[in-house]
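All chains are identified by letter, namely A, B, C and D, in their written order; residue positions are counted from 1 within each chain.
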């Protein structure tokens, strides 16, 4: 059964698998002191700048936590959206591991604004409140929207003015960058992002993410806490090999472009269908569909996807979603809606 | 200089001081195994019911944390108001000590509704989200408003239906109960509250709070974690003596009634003054005044109180606020406003 | 350069890589709800008993923490050896994530005895001490020694009598079981182990460990905290595929047998060499060699391995250590010692 | 019934109670911004040096945790004795609140040596181990022994050489200083102690301790985490008033001298009694007595004290132990031993 449940329902891109196979050669020192890790970091520095410090993690949740744990002092807190992955979708892991407050700010579209952040500036120097230190945004957002370059620039400038760090959960940053016609660096560091979680798993890797600190001053005690955050893989070369493939021959962009295209195709096929609503702009690889609840139940017979009780289906496309996948799905929707 | 900054700027009620002096007699076993502690617990059981389990704490922040820590498993979370003391005003202590998520729900008046809580029910059984277990309300609220008895009953019924516990931060529960013409029990347990932080410090004690679990099933592992939460006083008898005085001869009610009366007097004196606005109902012992910023600066020459940058002064009355205090303050406001 | 630094310097066994390649087929629901995970759990239940609850983790450190986090209440603690991996080698991760005490008990050979554990029984019910709940042993130990079956049985009986759980860090349990001529089950569950971290990465996997709870009552809240402990892989099938290979065709035993044999060969070749001492029994796949410090420096020109400043080299063999590796190393030692 | 169970079974010294009564005057700003707190800090600076930063805490456990929390980064750990209060007697509070490792080092007499500390230096810079940062000693120790001035000097020099901080849990530092004929400063800061928990509660206060950082560079983020550690008393003046009395007219020394004298009297009266052994030197105010178990049971009919199952009674004297208390106890021992 084909799945639109998440881009993590996809498999591994053949180039990535090939890189893993090739890394299985001889002995290599553990914990990252190997030539694949060196090479992956080199490719990352080439894209993001020489003073980029990269660390590889097993999962996106882990990457977010490792990123923030590297820079947060025990009395500091994170400001994020109330639908931010780090606030809502990580099972309390951030509080458990960081022992710090994650503040989820409510907003209509799930994006944070400087106006909302301003309400927390008085927390900075009071003995009664946690001190905001990290602003965390997700790009593309959990609703598949994009922060525009100028929105990110405004946030990063606000952060600089108020001694805050801008962290980007980039689980789908490839999709965002490609959609905006930007390079990875242009979509992140050049807009003032300080710390990036560069998502790989949702975009063709088997399971590997990178945490990037832009500038030596940004990495806090990252060097010291990778094992503490459970991210110091003993056979690190097999994570690094995945990142090498990701950063080679534009694989990240090819994969993201494809999945974005599949999302666009979903919209194209369904936007005219009577009774189907697309309640939110589709800016990356997530499509929400408002459908009658009974249609949703029937669709689930043939496809994996998640839907809210109110009848809003969330469809996520991935590098291995095919035109046929999309058409099979949209034809089924149309068939059901016609009845 | 007289203070309206907080009810914790007050001193100790003479009956409380007398109780402390009387407890200073001979040797007593440490950590609560003494006759004053036994007596204080007895008085509390008399008021709240035989199956009430009381623990004494040094401060209100500590009481909230000890209360929640007693019942929260590591994967569970607390739902509270975004202005809830446990979320906003405790310097990240809950996350630091509990390592659990505190979710601050935004609302216009700072009160929580079952409607807002409903949005979090889907978190209960997902492997991706922290599991809501405790709903925490503050009575009177941080803005001096009261949850009505029927509002609390509705919340507690919702909690029962959804396997949640209702915790009340009762730093000012005496003021609320007195304002509603209820006994302490009627204002809390009888409305379905499961765990109460019974505030003492803000209402005439030197520094003592009680955490009450209503029913043996409610107290979780409270017996085991009092020292871990830094609340196992070695000379416990001096906390207990304060609670004895508090629960004797209706001291809690006499003190709260007085401070509520002083708040009412502030309103009475100022509500007709041109240029002065009282933006929120005054339901207990907190009065907000909207004043021109320059008036606020001048008022601060003669009185302690806090004000927002927007020119909203927060005045809190206490058991030792006198009629003269109120009149001196209101006359100064009037004098300044007349100019 | 060939490495004796650790069994995690080895690569991935071809059968494991093949299993990964085969799992890369089509879409699969994330987070473990896939057929590979189902199959891997089935194989584990077949070996360890139907009421075995298995969870897959990214690393050995993570497995230990997830195992303990599943059963430890916030006021409980772990008793282990002062050289136990969970105490000494995990960068403070257990305390950071569990927020619980890990007590490292000192002993001459790094093994725990019931006599040593007895000293902590009075901690069980005191309000002043953390309450021991988990006893954690490593098999084979960090020094390459084995707890005998009767030693483990004695420990597990002690645990039963005193309401403690016996956790085994089995990063090298395959090596131990093979050395003792036991099946995995006979070497663990049948001796009274309650929770097993079944190590895979050091024994031919790319990176996968299993946490096994023997009996439903043992698993605590494991189901609820896998993501919180950062172990809920989105593309779980690729961890599970590794475990399938591990449990199929006795791969775990073939690999462990080989690495044990290589360790024995090291001993055989070196025990008669003048000036070389083997200070500890070699019972699994770790060999300590006492060598003159200057010899150690020269050996490091041709081989990776760790050595203490006092001149004790630690050599670990793995599934892909070859006879030639061993002979090249031992000949170099002999050559250097002859000079 | 008179108690030798602990010096915290004593009451409050009259001069302390008087200071509390006197502080109950008018309104005072909360959280330490009051004149009593200012005065107490001034007295402390006068004794310990102008660059001493003092913070007041509710209890000794809290003081230890606040002290260490102020300087420990999330990846650092504490080295202490295996019988150190911070390791053994605080119910897991340090790990719960700090989320950091506390390493308890075993030794014959419960004191730490530089030799033992040396074993942990390799932990300092490894990615696999927690990084030692604080060495914590208790003076007088939990067994009533004293570190000599030269022992402390040796430890503090070791700390300086290895980038460690020396923390002293001085719950009974008054007893130690008086026994060594030293001022408080001479017994602590002048020997190289960096952070002192100055115990008050066990020496005549109602409940107040001070954490002192010697030098601005030592206080870490203490200013920012007092509320997070639950130690920001709203009515701080009543803690401060106790510290004023403590530091005035040598009250700390008068009280400690008296309790030490009572311990000496216990020894004097009992050392010649046949069948009674005093197994450890008595250097401050704790006396251990080895007695036949049946004698211990009978003694407990008339006196509070703790005893090990092996028949070792621990007696602690306090400022309000009287000659009569001692004689009544010793006569009872003699009477029982004569039978």
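Assume a contact is a pair of C-beta atoms (placed from the backbone, for glycine too) under 8 Å apart; a residue touches a chain by one contact, two chains touch by 3 or more.
The shown structure was predicted, so the numbers you read here are calculated from the model rather than taken from an experiment.
Relative to chain B, the chain whose mean Cα position lies farthest away is C.
Between A-D and C-D, more C-beta contact pairs are found at C-D.
We define each chain's centre as the mean of its Cα atoms; on that basis chain A and chain D are separated by 50 Å. Computed from the mean C-alpha positions, the centre of chain C lies at a distance of 41 Å from the centre of chain D. With touch defined as above, residues shared between interfaces to two or more other chains in chain A number as follows: 74-75, 90-92, 96, 99, 127-128, 224-225, 227-228, 232. In the complex of the two chains, the chain C residues touching chain B come out as 31, 69, 73-75, 99, 127-128, 130-131, 221, 223-228, 232. Of all residues in chain A, only 74-77, 88-92, 94-96, 98-104, 106, 127-130 touch chain B in the complex they form. Those residues of chain A that touch chain C in the shared complex are 1-3, 5-6, 8-12, 17, 20-21, 24-30, 58-62, 65, 90-93, 96-97, 99, 201-202, 206-207, 224-225, 227-235, 238, 304, 320.
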